[in-house]
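Letters are used for the chains, namely A, B, C, D, E and F, taken in the order the chains are written, and counting of residues starts over at 1 for each.
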């Protein structure tokens, strides 16, 4: 979880949200901590771009706000091109996320928690779990509409709480939708989770899987695992090479 | 999760187990990865030392085996001084663990999973959760007697699997008790969890809480949190300073 | 949870089910208890009305049966207008439920449990959780097709069990579909849950959230919370008023 | 959940905590809401009284603080007579709680959550579940040391948050133990749970079972349940009357 | 769980998978154990047949491979006729599975675990739970893409592990899709679950419900249940016979 | 799960309960089904025998009642020799259960569910899980004091429900303790679980692990597992034979 020279120029992190401001609210502080640690951060907002509701001016305004918020966080911004309130976790959505995963070569993904009362959040969480099926690190953040949430992984955001609120404030046009996003509740939850984490202010994450970075450089597998451990039975030599 | 220079000479890690070889079996590979990353590792074996069963020679033999295993891992060894099969999670056990936590200044603890069919394992897990109540990082490992286990945090042990087996082999006298500790099952579980973690071979951990290390140096809280966020109501000025 | 004069003419309760007789089976006794306590109850049946299968006579017959059952319970009846076995939790379904929530001003909702083997039940539970995202009271009832169900909230239906069976019996034409709805199982489950609840006969509910009614009249927030607790950081004055 | 005249002078509520200030922290606001609604509230503090650590003056001081806190809440105070950090859930502890349950005729109990890293909290939660085995209402509150906590029942404490902090402040001598009890975290958690409950500020509870009060007066069982439902098989007439 | 003469020619078992090789991977060993015990086994592969991707030759090749794998297991093969990556749990999918359940008269079903990152696996698990809503035995197997999985039912596959690998090897053309299906991981998981089950090598299953076969021949219900237990209230004589 | 000739004279089943009548109530019907299928059943009652409360006549009376109940079920009876309400899950309790497991050579154990509000039930469940740590089949039954209970394994007890009630009625002296054991609730729960299991009347069990019996005779491991799968790394030849 660092940006040491042994890993080169830092980790590539991808945060995915269904709507503008979902990512800032769920993991904006953690993303700023990643940027501060030298990691590269990309925010993928699945709806609210070219296909969003409203006239061209409103769409352009919303896109500009999201761009401003990404800049405050220090992240690159990508759009998913889906339509608000009509997201489904079909193969098209999975492929769009797979494409951004390839472009960013991310190996840590932040996304909505799977159990959420908003259909778009559920769909994006499900599609991300499909697209990231081979990634060793997938963390889920909480939204105001999240239902069951049992976090066990935390990031200290004490140094980034003001920045997170500034990023949220960039979304001036989201007024109606954001009736559930109150700044004092954002601060309160950070303090609540901070107490759970035994630190100051924290963002909380429910991990699907989280491989820790301990070693500066892992040796190749063949070097340390004796042949007998390969577990390939001798008599199934008909098994095609591609399957191993 | 690293030992970069910004954190000084590396993290202090404490692994706690009820009996000789519990720690090696549950997280021996992860401990070797910590050592390889420059962290300081202490193994606290709660029973099997001076109060163990057997005559003086047997006790000395078992202590020598555990010492040898710790050396293979590269860890310092401490004994809890409790008696095998009679461990309870009372205040005495909690205090013994608190003492080692203070001595090592550890901020990451590995210990048995709480739901285990062996009474000593349950007691050590419970006592450790009490002793480590202010620590931001507590991870639980699986034992052959563990019941419900839902891991989500993993460490890549591909480079350390042979070393882990060597450390387990150092416990030659544990023959009878270790009927449930079969080397092939150790390798198989590492491969099974590795597939879950989307890496080669892994040890799996159930987190009570795990604060990630992202930033090289966190600023002090007052510097970044506006006064209004301190959440201390003005009219409760009678609240003693020590409680804040 | 009462209809005392301090709350005026009683609470408005909304019960939602996918098909005719789902509501009676899941929470018919509780609804009769609400009526007896002076609350206003609305039953929203999402399918089986104008779009249902069968010829016009069958449809009219089924609607008349449901109307009779609602009258036995003492509830107002509303129809969702969806088609049996083809319900999805899309924005249209959410909006239909939101509309009835607005019309009834309900602040307590009963609906299917989310984990159910019938696709319509799952969809209605999910859509209701979306539509009721700002409501403080959402309780889930069990159906014969419900899978995981962990109730912790109960209503004593001893006085209403006979009435519940009468309301179920009003659905004479539902014979085929109701092979899983056996009156003796209805009584047995009420007794089983009654034993769990430490009362006579009970209906059992799994709460998503349930705010209890303790105080006759809650003072407004500003009166009792010091300004410092508002948690709004001073320097984010650019935050638009609408977001607070 | 009310104090209507049909239930006479109001409900009898019992709150149980292991140590001084546990109850105030976990459910102090809810208790004040009960008092405001006309309910009778008793606080049972299991340790810290006559058997507590310290000299007679310290013990007397701590008891006076707890008495002052109970007065601020409007509750009667009872002591469990156990020794701090040495509580076990044995038959003696169960009997002590049973005795207070009988004296108060309470039918709603608040107590620690069962999964807690403090051994005394675990023991009191377990003993209370035993003592209250026939009670229809048992709610668990969160402590700073609580581990898994999945609340679904909430009480609005907006009107009582200042009072709760005052009651906590009465425990001036608990300075050392209360390092985990920070007023700003108390406010933050109330706001966090309030957002979860869709109200202002809330205390959150995990229910073991919670029977709702809907009907002003429930008829007796025989009046409404036909004889056939009694489920007593005719041929087991040898069954003693006392078992029915 | 046997094929004794009292049950006639053996149980009818149905295994359902979304894609070619899903069934072999998830429960191929258990199916071979069923065949060895005299049970009749049918494999229902929902996609990859006539509607699959690729030209006619590729489709025919894939179908031939699946046919060969079924023969190695000793099972009859059926196709669901759905399209890969586009499966939804709608009424059409449910009806297709109901049809095969009727044809096979199966009373034990194996299917994907419900919580899976692949949309087709989720859909097939959900549709099967709907179609098998009246069956007393539904067991879920793990796939490489399965997320939460808490098995408690196991089948000893020590005698069938080589056969399972042979059946998997029959799917030579599935190379690309099967990057997550590595033979050594198959063996390792069987050993891992075997250790959990306290046997050699095992396949692990999460039960939705599993009725055990204990008695060679169960008497009819009326013979042993006194009339009073029928729980049918006398006064609801208007209840139609079909509902009882 | 049968008593076919291939398994010789039938399975040996051990049911364990804390007090007289706990076993009958939790799994009496299943035990009768085992007996009917030719299995050998032993009931181990841990308290209430020679160390129980009351004078010698009362103790003798209670023992005679339990003996009569065991005879009605067709089971052998054993006593654990512990004292009512003072059971702890220490090594002595574990050893007593281990002793009976050895004597009976049981490979299927029924015992209390682990999460129970009665301390003796919790202790017996925990001690049994320790004693049965190498057994492939451990099923937990529900008691009136059981808390969380999520059954997924069922036994059809339609043919044995009357017999179960007769066995319970044999415990005439248990009047006071059995206030929570009402025959109508026993029948109701059997019907409730029967509906969950999709059969008539059922007893429900939460499995810790349940290995199914499919094959009439399993070949030895070495015969079917190629050498390469043994997973024993070549270079750790120092590993003592006893550990393999």
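Note that in this section a residue touches a chain if its C-beta (ideal position, glycine included) is under 8 Å from a C-beta of that chain, and two chains touch if they have at least 3 such contacts.
Chain labels with UniProt names: A, B, C, D, E, F = PIG-L deacetylase family protein.
Please read these numbers as outputs of a predicted model, since none were measured by experiment.
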Notebook entry, point to check: Compared with chain E, which chain's mean CA position is the farthest off?
Noted result: D
Check: Looking at where chain A touches chain E, is over half of the residue numbers used by both copies, so same, or under half, so different?
Finding: different
Checklist line | Pair from D-F, B-E or A-B with over half of its contact pairs in common with B-D | finding: D-F
Note to self: Using only Cα atoms to place each chain's centre, name the chain farthest from chain F.
What the structure shows: A
Checklist line | Whole-Å gap separating chain D and chain E, where each centre is the average of the chain's CA atoms | finding: 47
Item checked: Whole-Å gap between the CA centroids of chain C and chain E -> 35
Notebook entry, point to check: Among the residues of chain C, which are close enough to touch at least two other chains?
Noted result: 133-134, 162, 180, 182, 184-185, 187-188, 191, 208, 226, 229-233, 235
Item checked: List of chain C residues in touch with chain E within their complex -> 85-86, 117-119, 122, 145, 147, 162, 165-166, 168-169, 172, 174-176, 178-185, 187-188
Next item on the list: Name, in rising order, each residue of chain A that touches chain E in their complex.
Entry: 89-91, 94, 126-127, 129-130, 132-134, 208, 230-233, 235-236, 238-240, 242-244
Checklist line | Partner chain D, residues of chain C touching it in the complex | finding: 1-2, 4, 30, 33-34, 36-37, 39, 133-136, 152-156, 158-162, 187-188, 191, 196-202, 207-216, 218-219, 221, 223-226, 229, 231
Check: What residues on chain B touch chain E, complex-wise?
Finding: 144, 148, 150, 180, 182, 184-185, 187-192, 194-195
